[in-house]
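I am attaching a structure below and will ask some questions about it afterwards.
First chain written, first letter: the chains are A, B, C, D and E, and each begins at residue 1.
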């Protein structure tokens, strides 16, 4: 065991450029597509898209999607799907709203409670998948409907007939924790920058951008944490193994069931985080929140290089995937194209981004 | 006695949930059994099948919305042929009679859009966006078209999904890429209207935001002066009256002589405050 | 049979068995894979499990290492009844297995496969993390000990050759096999050099007191390292013989399930 | 080679009941769930649900879904997805509508043209998937958006601004082919039955059911054909092999690329068939036709036992899966449950049906 | 080396090669798997391809059977340059291969795997359909010829034992191998009886004029049936020898890539 990991020079290996090594990593696969989309919009879109306020404008929905996408990506790497995250956003949003508005709980109680509650629902999902051996697709699909339906029923019960629960903003006003989960971070910094003329301002002198929306910060934190978990922790290894081959992983001593249940709980918590942020930002929640987000999250993860069959992918890929998706969805409104063509462009851009990505990677790594 | 409602809007749609509440209240008041049904998405084929299913149960009255007369006419005609009294609500005032419905309670989407457009033009608007959260839903498309007709100036349709965060970003993007936009017409208050208000506010410009339908938060914005008005078609009435008429028809054979217009009704800042409370209870 | 060997042979019967399996039956739906098999392995011995294709050897050792639950029968571990509900339990009890299908994840790197489920860590508390450097070092050196020079420890297992992949599985099991090492046809895809390494390794770990269960179709390999030989046929035990009690030809006939074989090439000298 | 396939008695096989052999077949897995759902509704629903007209009423949407589901199931068995079938329904519906209304083509031309056109789009889908090596999920997702967008643009162009194209019924009136693709089959038979009092009639004396809707007949034909192809034709073997393991199949000499492209063309044609039937029945088409049908088709296939990972499943499974789904969706309207709870019930029923299914199968076959 | 054998040995060099591979190179990204290998196979001979683990044997035969496209080099088929773009092309030209990973679909039945891609049909025109009955019969009897009694031809391949599965692949290739039969370590998972059957089968098809390429790590198996021996090492050819020109020990040393081996057990008699 005194040998070092340093491998002896091997005549059977051609030298490889740093760039090509980089492109081989699943983490960085999606970057080429992101750059392509960026170039496309910097040519076709209004210049305001890539000003500070423009970037923040498309990064906000991208971040909300991205938080879900990273949860979805980790679950996909672990070999399962969760189609219920979109409904989970509505459902945990409702739960959080009820905690704050109806029961008047302070955030320090309401937020952990919401996470625990969501994780619990996630665990139910996971337990059914594992106990029954059914595909997670069908089990979480059932929860897609059930949770969406329960959100509606719950909302009506909580509001006495309406599908919208309001008053969250008023209820959390002045709560110290609120600034971690809603609004903009670093407002002071931005004001200072504006006063120095370093960022755009309105005529009134107020900065156009009053801070970085907290979801963007959460998005970065979660991407970092997920990457660390996947690449640096033993449990990351277990996730890859579980998704790569459930039986082989189990036979090698990976506690596959625990891994899967934890991942279901994780995606549910990601949904809860998005729910908390959006409910506090909007001040209200309704029965349609998070509609089809499960779908978009999976799209973002796949654009970012996750395999649907499991065992391969990365959080950074999902990060860029979400940004690509967010940039395309919002970016087209900055262009002059007839908006009737929106979906055609959306589909076309996604396809081109992914194809480009793939072509670059193959080119660089010499794969065929 | 049973009355069945088949509408094209889902029970979790804020607008249609009010219709449903109206139907239910009528059921309570008149003591008949009411049942609200809708397809999972805006889907005319599925809707015609739901009408067929309703007809099979031979209810004492059938309430339908008619966003696509071609697709729904065979099913409605089958109901009429089966001797079931039919009332149409919301969409389809023009075809209602021809298909054999007794009367129509509602507001023409196109006319409502036109009224809103005229009002916004009056408020000085010249360049508008119409935020459509469900492109291809014909009744929403009609609102936009009517708006364009009434508005007179130039307008573009901004297609979005149901996601408030995305709508806010898109409206913000549209506003910042075209400085001349001064009017935002949202097609649903809670989905499209509220985020549009937020985006307009953040742009720092003076923009008139109006919306179809009501939501408490949007009404609050009207009160606060951030939004111009909301178009209320009092859809509660569409549900309540139609169900009530049919209940009375079943009991006593009564029926009003003509269509009942439930809107349009512009809610501006002077009226908004009174409506907020009702709206948050799902009545307006 | 030659008596002078370069290998040491454990003294069968000298000590208590580590694992004892009694009358194991295993049914898959309506298929009977094992119809009552008894077997044990003692510390420091190499117990060979032999038999025709489809005799049930792999099914049997999977039952032993916690993959399958027996339909009937008892498993004793150090004399106490034991019920491994997952392979992880068996591993934690000190049983390491090389499965016939190797249990590798093709998309993952050699190192990550090597330590899958039992990653070495560095740092403490919340900073405790997978020690990639040590893991790489151990992987490369273990593989080298088995006669394979890896191009790099981060090559995906799916792109390794058949023999390289098998060597990873063996090196892994040897690294973690604390009390019992189960090898299901470990040399099937190996080159001559690697095979000799594996046989030498079996001998080495046996000397350290580990019990080895060795499955092979190669009579000569079995005789070279085995202390006892149990032959399965159609899901049943044909019997157990100790080293020296049985000749290669007899053993080969038992392994063939008593059925006649195609005429052999002379140079094979009677054994396949 | 003179041996017969008759296997000699083997002491290693326990005897197995006919029923348990039956339940092992993927074809019949879904039947238990269907029976459960049937029992549930015969208790809770209005009696009219299982009258002739009630059955036809839920079989009609089930058939429309089922035609798509069988295409989707075959593609899934072949290892790929097609998320664009829903949009394809709208798009080929538009194409067909334009053929008939705008160009005034007779059905004998318009229908084959629509199929050729759809198959062509399917072939593009397939070719991109194969050439790029990208997952079909992402490629067909792009087409989901593109085709939906093109339907909108096309509709507006064809109608001069509306998103609804009308007048199909008038245009095809009197065309002999129309009766194969729209309306009810065997109307004479049903009138005769009604006049004899053998089937229910309205008070007016007209039969409640005027015939069997053509989609139901198509559904049965296609289920039969797909089953025959999968189980009795060499190409069926190729489909299973391709989905089971692409590389192994290719190495064994299966022309995997041709198989996949044909399957994409097939699903597109299934979508076109549904489009033709529904457009002719409705007399109109709009931009939201077929919305989310891809999703429902995959659900039905999965309920029917298809694996998302490919290589396993059956057309008969998809058949029962569609009927379960159709029965639940329509059936709930025959019950007294509040519409607010609709989604909760839908999800719950799906989950219970699939779990039940699974439990029965395991029980019967002794699997664990 | 024994000269008297029960096997007939083809007369190497007697006829034109069926397949000739010239200076084949194959790179995977930056990994060089083959660095110039030449090889040919003649009708009626068994040409053994030997070498250490990772030498490139499987990569080479995959190039031969159309799975990989060579990065450089030429393939001649009956003297004409040939470019198989898919394995199907190679098969249609009469080359059948048993791949090391067997190329089986676990979820499909034995019969369906056996005939995958080349199903026998019955009926004519639109009624032409998969002849399941004949297929089942052929499968069961081919398997029995190889020494495996199947429980039934409709058992899923994934539930077969390792050796049973390998036998399916061999039986299939033998059934379809018209001109060239490539066997990549075909006996690795086989029992003694099945192994002797495979060796006898190689001899039989060779007599029928089929060219056989046989990859093995077992020196004795190779010598038993081989007419010529080509040894690969680290992606290069070490040379080709004819039967009788080389002793088992020499061959074994070449196969080990010239590197020293662990000390051998006496009973192995010098060869692994």
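Please note the rule applied: contacts are C-beta pairs under 8 Å (C-beta built on N, C-alpha and C of every residue); 3 or more make two chains touch, one makes a residue touch a chain.
All values reported here derive from a predicted model rather than from experimental measurement.
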Chains in simultaneous contact with chain B and chain D: A
Remotest chain, chain D as reference, centres from CA atoms: C
Most distant chain from chain A, judged by the mean position of its C-alpha atoms: E
Rounded Å distance between chain A and chain D, as computed from the means of their C-alpha atoms: 33
Inter-chain centre distance, chain B versus chain C - centres from mean C-alpha coordinates, in Å: 71
Length of the line joining the C-alpha centres of chain A and chain E, rounded to whole Å: 49
For chain B, residues that touch 2 or more chains besides their own: 11, 135
Residues of chain D touching at least two other chains: 12-13, 148, 152, 340, 342
Residues of chain C whose C-beta touches two or more other chains: 28, 31, 101, 151
Contacting chain pairs - touch in the sense defined above: A-B, A-C, A-D, A-E, B-D, C-D, C-E, D-E
Complex contacts: residues of chain E adjacent to chain D: 65, 67, 86-88, 91-92, 97, 99, 101-108, 112-113, 115-119, 121, 128-130, 132-133, 136-141, 144, 149-153
Touch list for chain A against partner chain C, complex: 1-5, 7-8, 10, 12-13, 228, 232-234, 236-238, 240-241, 244-245, 247-255, 311-312
Of chain E, residues touching chain C in the complex: 1-2, 4-7, 28, 31, 51-55, 57-59, 100-101, 147-148, 151, 155, 159-164, 167, 185, 188-197, 199-200, 217, 219-221, 223-225, 252, 255-257, 259, 261-269, 271-272
Chain C residues within the chain D interface of the complex: 27-33, 35, 69, 234-235
Residues of chain B defined as touching chain D within the complex: 11, 20, 35-38, 40-46, 48-50, 52-54, 56-58, 68, 70-71, 73-74, 81-83, 134-138, 141, 145
